[in-house]
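First chain A sits with chain B, and in the next complex the same chain sits with chain C.
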Partner chain A sequence: MTDEHTKPKKQAQPEDVPGASGGWETSRRGMLKALVSLPFVGAFAYNYLRKRAADDTKKRAILEELGVTEGPAFIPEAISKPPSERVRLGIIGFGGEGESLIRHAGFAHPDWVEEQRKSAAENPANKALEVYLSQEDLNVAITAVCDVFDVRADRGIAASQVDVRPGGGGANPPAKRYRHYADLLQSGDVDAVIIATPDHWHSLMTTAAVAEGVHVYCEKCLTRTEEEARAVYDAVKPSDIVFQLGHQNRQSEAHNKARDVIDANILGPITLVEGTTNRNTPWGAWVWDIHEQGNPQTIDWDLFQGPAPNKVPFNLERFFRWRCWYDYGTGLSGDLLSHEYDGVNQILQVGIPKSCVASGGLYYFKDGRDVPDVFQAVYEYPDRELTFVYSATLANGNYRGLAFMGHDATMRVSGSLTVTADSDSTRYKKKIEDGVIDTSRAMFTYRPGFKGIDAVTSATEEYFVSRGLLYTYRGGRRVSAYHLLIGEWLDVIRNGGETSCNIDRAFEEAITCHMATRSFKEGRKVTWDPTRRRIV
Partner chain B sequence: MHRTQDIARKLAALQHLGFERVADPGVATESTRVGRGSHMVTARRPSMGTLVSVSTLAPSPARAEEAIGRAFEEMDRLVAIFSRYEHDSAISALNEHGRLDGSPPELAGVVERSLVYHTLSRGAFDVSIAPVLDLFVASPGGTPTAGEMRDALEVVGASGVAVDGRRVNFARPGMRITLDGIAKGFIVDAIADVLRRHKVHDHLINAGGDIRTSGRKQGRRPWTVAVQHPAKDGSYPDTIHLSDGAVATSGMYEHYFDRDQLIHHIVDGTTGQSPDECASVSVTAPTAMAADALSTTVFVLGPTAGIPFVEGLPGCECLIIDREGRQRRSRGWKSAGAVTGGEEGEV
Partner chain C sequence: MREATRAGSETLDRYSPFQVAVLVLLRMFIGWHFLYEGLAKLTNPYWTSAGYLAESKWWFAGIFTDIAANPTALTIVDYVNAWGLLLIGIGLMLGLFTRSATIVGMVLLFLYYIAAPPFVGFVYSMPTEGSYLVVNKVLIELAALAVLLAFPTGTVFGLDRWLPWKRQSDRAALGQAGA
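The block that comes next holds the complex of A and B.
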């Protein structure tokens, strides 16, 4: 954009401008015409020429005269009717993830509400409670809770009857506790169920829910094994239930913007994608708290183990830190590779890879676990002429993010998004040479994390603008991704349609993760046979 | 030598930033249900050397998408009129021949309005600066001689531009104009007009930082616009709430011609140097065209003259950030607070 310049030697006094040299200069009549034809500008001119020192009161008066007000000028159209039916929701597994999901469905535990209230009083920047209360009322009732740990089941029941709720909804009757998930599913008390248990239970619970016609929101990873993934897919696919895999990245604004970048072919041919995990804390390595009330009397250990391949005596570490063992999950594959892959699949729609080679080891957290803490997997997509590399360590915090590498540019996606031109790009060669594009800086950035900001005003930037996109989370409102994902699931239950992470996407992800696990465990390259639907 | 060539190259590149037409624009549209019977529909398209986004809140995604599509059509039509880099554009014809009879009404109208701003600003806003800019590009090494500059300045002066109905004339041979400092705002306003005609009253239009808002966003709250920090350090020195209005920013932080970062794209034609007091100027106004023109004007005037100038205009306010990072505001600038860091969502 070319801006203007000043020329004091030619600065005209207002009375100097019109009519000075016949028809070549702006005439007084022309000026008046211009002012008359341009109400805002005319008002500016009138005010400036006659009363340069207009005060705020005068400005407001003129604004009113012009019909320009600073307040709302528009009343939105009538709100459509609310979701017609209340969905009766059950929760299986009320651990950390389960409690979080239920909170985002509109049922925070009373202790959490109180903690956040105190925290906000001490620190106004803490908006967690405000965000919770501003969530859309999803019109659900928590009618059933299932957990093998008494303490957590009690917390679930308390949350189900909380009276501090989005939309000002009052307290609901307490949820009923079920010790066994099958009883919950067969009770007739639930229309839909959230499964937030360790992975080794997902398959049995989901297929049982399908049999009962209960809709399912299942946390990732879909299953612990390939065979279980196939069983779940075969059960869900032909059924009428609505299935959603719990991948909140599906609701990430940055991921959505990344799709825009891909659709616009800004990166050129993409040949390499690198997804990474870097964590460097015990908590990040699944060394989670062991509850002080956890003991054989409060935990149904046999029920917890259930379909786990190796049965062991009661073990608090295994119960509270289950991700550290292959008996219950798939380690980095299912927990964190799944996130990276889901981002790639969401943005590029790559599907199941042709092959995978994985390696790694247990090099740092030698605490009895059997899953690796350093893990790498290389996937090939020959049909897409693309390699996806996943690289992870739980013993280093050097954040590397998710990078899409094209011939013309690299896009990095995390909470934000940046696109940087490649210095040897063909597409941008001319603009790089002309200095329009600086390859040392991002030519496109998007930061969705600035709360409530809808747009940024700035001088026009480089070719593709580094911001200028809307910073809405959803309509300018910060809304949790969990809430959106659950809301989408409930919306599809009520109104039909497709969830963003349906059983097809869930199956692709599960197989992709299991390919890495198989390759690592077997020490060989594995491939996907799409005809037989087998990892070979 | 290499340095001066570099400057010339960057100047040439800069000329094409303002208003290039995109040959094959792709539209990215997304629709998100944000409440009961309420959808946020956002569409983005490269145009005018930037990404233009339109975000609307409407009960019907189809209605919003239809309105946005019509608005983008209108944008394309207007860009074709105002682009100096399209040989068949109306403004190119005007610059080539020094007069244009039967000008598109939009061109005559914007030229006419630019003359009003020229008068209001006592010459600080001058669309006839084009020959000086062209001289920078054409000069060997990017540095025109004093004689060349003097000659160029002889044909600069918006008082030599006349508009009579749909006829636009230049007073002297060799005069040329650029409307890049005002036409983008005009086009943003035109987009808003199309949206309103289609009864999409709640919307935000963002053309690379030139922003126009109408109505409110979800929750009947005003739109929130952040001001870019000149250092682009990830923070926003201020935010404002807008319901029906516009904001635009002129800054020296986007394009430098020299490695010392002294010469940027806003050049004082009398000295050949850039105004050095302001790092950025943001102006709020009832229309995007006004905000667009006034932000450049205030940048040129500097804080001492620029702030009183804006305070004399109804509905207009400004925020200036100087090269030391200090903020100066007009009396009526309504701050909604700075944003100093990103707040990650719970994902």
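The block that comes next holds the complex of A and C.
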């Protein structure tokens, strides 16, 4: 404000002040001045209400058209009743995955507890310990541990008697170590067993557990070969044991919501589904740590090799990085394609494909492994009129996710879920023309646990989170999907019912993975013969 | 102006009607903006400041990212922020507790600015609708509030008029303006 823009200085008029002596005229003028904002407030309210109404109408129109609710997916409680009798749990294979599964069952190794406590003190974003402690108490005891590596067996025993437990349960007596899994299964000390060994052992162990009437939670992939898959299926299917395959996505909220979207037929005819894996770290490519105490004295190498087709002299890489060899697993097929496929099977219920063509190569990790690090598989489902493409590389981190492509819309499923209308959709044509649906943005977004962000500690962990494989949400609270899947298995053991990844789903998973492995190894298209139950 | 600085707003020269009009209009617009920002956040169940805070750069980034990572702190910050915006907006529009609303508004804008300043070398993943170098719209709105603080209008063109403890301060400057 400069002088030439101001009027000559003058004292305030006393009659402008309310309560001061003055005429009706002036005090009314003052009042009008004081209320100068009213037209603005009115304009604001008018526009705000109009905008809300417009937004609501649009949203309602879209949701009505789509026929889905905005709320969380309906997922039956993983645990139907409070756990009654205590289940005695055995663990076969206490490596990275086995230790993680036992932790999600409520028994973290004391070192892990200490590590997380320190880590949380440094970085409050690390909530791993908090999530662990807020897990439901599953009322289990770890009574038996089997591992061919002494160090890991000892870790299992230490975890079984940990005193920092969800629900404040006190320490249990230590688990007994068994060197051979058959002894563990026959001991009479276990009601149920978690199998987290390399894939080449899954079939023999599961079959032996069925013979002893012991319930099984088995890690994916169900088996290493097609023949083993049939053998396991034929043993488990007619038995009374409760079987669960370890695909955590079965408990992911976004995956369950995706099923609602499919049921409501929002996407129109789906002709292409694309599942992908992109990882770019040695760890993500199974170059796992070699324990300093691993040697022929601490590791029972012969027992480890067991049914592996090729017997080789003691080899630390093969023991600690077994996923890199076809003797123990199936590489990308059994490890990561299996997850993508099970996600697709959970959402679309596609079953076993008619045919598969796979290709790939070992292009980056030339460290002596014999499984490919770049791998693609194309599956045909003529009955469903769709193709499922799996595409993976272990040497690039470009996230591509899992996409269901329909004529009317595309659905992307990761930790969250988005549905975007297709600009050439027939069904949404009118709504797109009317401007109700905008094809440049998602018309439907579902974000479980939308409040807050989670700290993720590594690229591999981030990969798992984005796939809904590590955490999911129940009522906005972060819970481990592993925990829910184990909880569901125990609940079925106690109260009956069906596990979400039962032996039928497990068989479909195994055959689908093995079709890709066989197609890749034999360099030809393979098909599934449903009557003879053979890959041909 | 020299006189004004010496003796405070009480002795400010009266504003011309045009000056009054633009000052009041500026107050309405900023109030409108704050009010809608607050309402939009309160009515959107998905809204959270987490993304903005987590992106924080510069000296205070540590504090902001810590808030984003802590659910309790984040809930409080989201709540205070949304209601703060709403109340500041109402205050500015109605001219009620105008001075406090202006100051708190400036504090909020200052926090937004230092959480994610457009300095050379800082890149944010969140898209902006324009191009900014050091000065962005948050800083300009902050400066605009500073103008409102320097040239207050609430006690005449607002409900502050009826606050018993409001004396002649800015009324003195505005009393005869021809609005």
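The rule is simple: the second predicted complex is superposed on the first by the 430 of 536 C-alpha atoms of A that agree within 3 Å, B and C clash if a C-alpha of one lies under 4 Å from a C-alpha of the other, contacts with A are read in each partner's own complex, and residues count from 1 in each chain.
Basically, contacts are C-beta pairs under 8 Å (C-beta built on N, C-alpha and C of every residue); 3 or more make two chains touch, one makes a residue touch a chain.
Bear in mind the structure is a predicted one, so any value in this text is a computation, not a measurement.
J.: State whether A:Gly170 touches chain B only (first), chain C only (second), both chains, or neither.
T.: The answer is neither, since A:Gly170 touches no partner chain.
J.: So in the superposed three-chain picture, is A:Pro313 touching just chain B, just chain C, both, or none of them (first/second/both/neither)?
T.: In the superposition, A:Pro313 touches no partner, neither chain B nor chain C.
J.: Per the contact definition in the header, classify A:Glu136: touching chain B only (first), chain C only (second), both, or neither.
T.: So A:Glu136 only meets chain B here.
J.: For A:Gly523, is the partner it touches chain B (first), chain C (second), both, or none of the two (neither)?
T.: Once the two structures are laid over each other on A, A:Gly523 reaches no partner at all.
J.: Now for A:Gly496: first (chain B), second (chain C), both, or neither, which partner does it touch?
T.: neither
J.: Looking at A:Pro238, would you say it contacts chain B, chain C, both, or neither? Reply first, second, both or neither.
T.: neither
J.: Which partner, chain B or chain C, touches the larger number of chain A residues?
T.: Between chain B and chain C, B touches the greater number of residues in chain A.
J.: Do chain B and chain C touch any of the same residues on chain A, and if so, which?
T.: Correct list for chain A: 1-3, 5-13, 16-17, 30-31, 33-35, 37, 40-41, 44, 48, 52, 447, 450-453, 455.
J.: In the complex formed with chain C, which residues of chain A make contact?
T.: Spelled out, the residues of chain A in touch with chain C are 1-3, 5-13, 16-18, 30-31, 33-37, 40-41, 44, 48, 52, 123-125, 447, 450-453, 455.
J.: Under the touch definition given earlier, write down the residues of chain A that touch chain B in their complex.
T.: Going through chain A, the ones touching chain B are 1-14, 16-17, 20-21, 23-27, 30-31, 33-35, 37-38, 40-41, 43-45, 47-48, 51-54, 56, 58-59, 62-63, 66, 68-74, 76-83, 134, 136, 248-249, 251-253, 256, 259-260, 263-265, 415-416, 431, 433-436, 447-478, 480-482, 491.
J.: Taking the touch rule as given, give the residues of chain C at its contact with chain A in the complex, in rising order.
T.: For this pair, the touching residues of chain C are 1, 3, 11, 13-16, 19, 24, 28, 31-32, 35-36, 39, 43, 45-46, 48, 50-51, 54, 65-66, 68-71, 74-75, 93-95, 151, 156-162, 168, 171-173, 175-176, 179.
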